[in-house]
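For reference, chains read A, B, C and D in written order, and residue numbers begin at 1 within each chain.
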Amino acid sequence: MMTKPVGLSRDEIEIFLAQEFPQIFVHGKIWEILDCAPKTATMRMAYHESQLRPGGTISGPAMMTLGDLALYVALLATIGHVPLAVTTSFNVNFLRKPGPRPLIGECRLLKVGRRLAMGEVALRSEGETELVAHITGTYAIP
Amino acid sequence: MMTKPVGLSRDEIEIFLAQEFPQIFVHGKIWEILDCAPKTATMRMAYHESQLRPGGTISGPAMMTLGDLALYVALLATIGHVPLAVTTSFNVNFLRKPGPRPLIGECRLLKVGRRLAMGEVALRSEGETELVAHITGTYAIP
Amino acid sequence: MMTKPVGLSRDEIEIFLAQEFPQIFVHGKIWEILDCAPKTATMRMAYHESQLRPGGTISGPAMMTLGDLALYVALLATIGHVPLAVTTSFNVNFLRKPGPRPLIGECRLLKVGRRLAMGEVALRSEGETELVAHITGTYAIP
Amino acid sequence: MMTKPVGLSRDEIEIFLAQEFPQIFVHGKIWEILDCAPKTATMRMAYHESQLRPGGTISGPAMMTLGDLALYVALLATIGHVPLAVTTSFNVNFLRKPGPRPLIGECRLLKVGRRLAMGEVALRSEGETELVAHITGTYAIP
């Protein structure tokens, strides 16, 4: 690898996601990149009733989708467009039931190697300090 | 706990899911319980284009949703309707990219205690023997 | 729970571990609590040749033992002596091979509820900034 | 990769471990390979007081060490001597407290690819059918 990889900007990532992953916007544009830079990304997932569970809480899979996306956006912001990067492992601890409100996912990559990237995502309800879930994930880089 | 918990039948679970989780059928009835009994459940997720990723593979979050649902159905088939059972941890290893075909999730509960249940789910493309992903998850039982 | 739980001090934890877990000092006192306070603990594991693997790196199980101990010390520093608290899940991502030097484990508890505690541990070689491993673990509190 | 990798036999693995990992026998030969073949291994860990915790149960790190070793033995039995294969992730769910008796670890590799291997290990007390812990782990193959 002769040249240093160059991460994508927030705008470039928004365009890329809209082109390549239109299906994540099937319920409207509920995902938003609040911020990203090499090794970090902050995402917001608007509240949408398709994600609700009985009791008004947000479903586990909706939270996992936000975590997966935050990891991917942080990776794009670090090493740029890597078409075949794939999640290899994903681990979630659910800590509190989030209320029916937007969720914020803050991702921090802890390693970006040539073959493997690994990061963690803290999920919180918007405006809260306590975590609703903690996620770790690894990506294989081809 | 004086009385032994009684698991729900396949039909009872189908009705329960349709009532309580209508949003998982937002793309039509793509989920189906092929089989369930105490400590086991086999689920089928039909192929739907909203789950695709570039290259024709099924998204990680779609696979995680199938795994989460298979664990929940196996729990319902074992201890019956437990309104406040919640996933506490969830771990996935992605092993191969599944093609654009239905996925089968086979869940086996490895422990069903009074406070905690734990199980694993093997995910395969329909008709295949090799795993596309392996999932473990735990449920807290109130 | 009428009274607020009171965490143990560094000295109280040292005495408790020496009494209750003499076997973790079987190779001499290679573990040391550098610092602890409610929800955090920093541990140091001295280098010992029984932990080596070919190539001079420290074994995975030795790193996991350090992580497990850091979580336990942080829990003792938060809620005090809980005899029957048990680890329920433990997840490690190994990021780099540590050299034959002491390891530092920094634990931060992300949740301490009535029934469940969850935390993460960052492992580094002494004097380094990059992580050699990242650990998450959960404890059931009886 | 032109030639098919050839796994090691039980005897070859025993000799290899004794040469390369003498430190795992620091308490005497408490580890034994009961059986191994491509993609599987069954290990026995004799009871040793250094592994005990208060209440007579076996420590989490001792169980994790057994799981890590069972994965490694199954890998050696499948692809032979791979000096730089390293564990990349390791996940444990502790299900029951084992009594002060030998533990049996049954490992099954679910994927052995060119770059990544993944397997699971079921841990039981000798003579019992119920699991005391379930482990999944991944290995990077250089």
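The working rule: a residue touches a chain if its C-beta (ideal position, glycine included) is under 8 Å from a C-beta of that chain, and two chains touch if they have at least 3 such contacts.
Being a predicted model, the structure only gives us computed values, none of them experimental.
Student: Measuring centre to centre, with centres taken as mean CA positions, what chain is farthest from chain A?
Tutor: Result for the farthest chain: D.
Student: Indicate the whole-number Å distance between the mean C-alpha point of chain A and the mean C-alpha point of chain B.
Tutor: 23
Student: Averaging only over C-alpha atoms, locate the centres of chain A and chain C and give their separation in whole Å.
Tutor: Those two chain centres are 29 Å apart.
Student: Please report how many Å separate the Cα centroid of chain B from that of chain C, as a whole number.
Tutor: 34
Student: At least two other chains touched by the same residue of chain A: list those residues.
Tutor: In chain A, 88-89, 91, 93, 138 touch at least two other chains.
Student: In graph terms, nodes being chains and edges touches, is this line, ring, star, complete or other?
Tutor: Contact map by chain: complete.
Student: Touching chain D in the complex: which residues of chain C?
Tutor: Contacts found on chain C: 20-21, 23, 26, 49-55, 59-61, 64-65, 68, 83-84, 86-94, 97.
Student: Write out the stretch or stretches of chain B touching chain D in their complex.
Tutor: My answer: residues 89, 91, 93, 95-96, 110-111, 118, 120, 122, 130-131, 134, 136, 138.
Student: In the complex of these two chains, what residues of chain B are touching chain C?
Tutor: For chain B paired with chain C, touching residues are 88-89, 91, 115-116, 138, 140.
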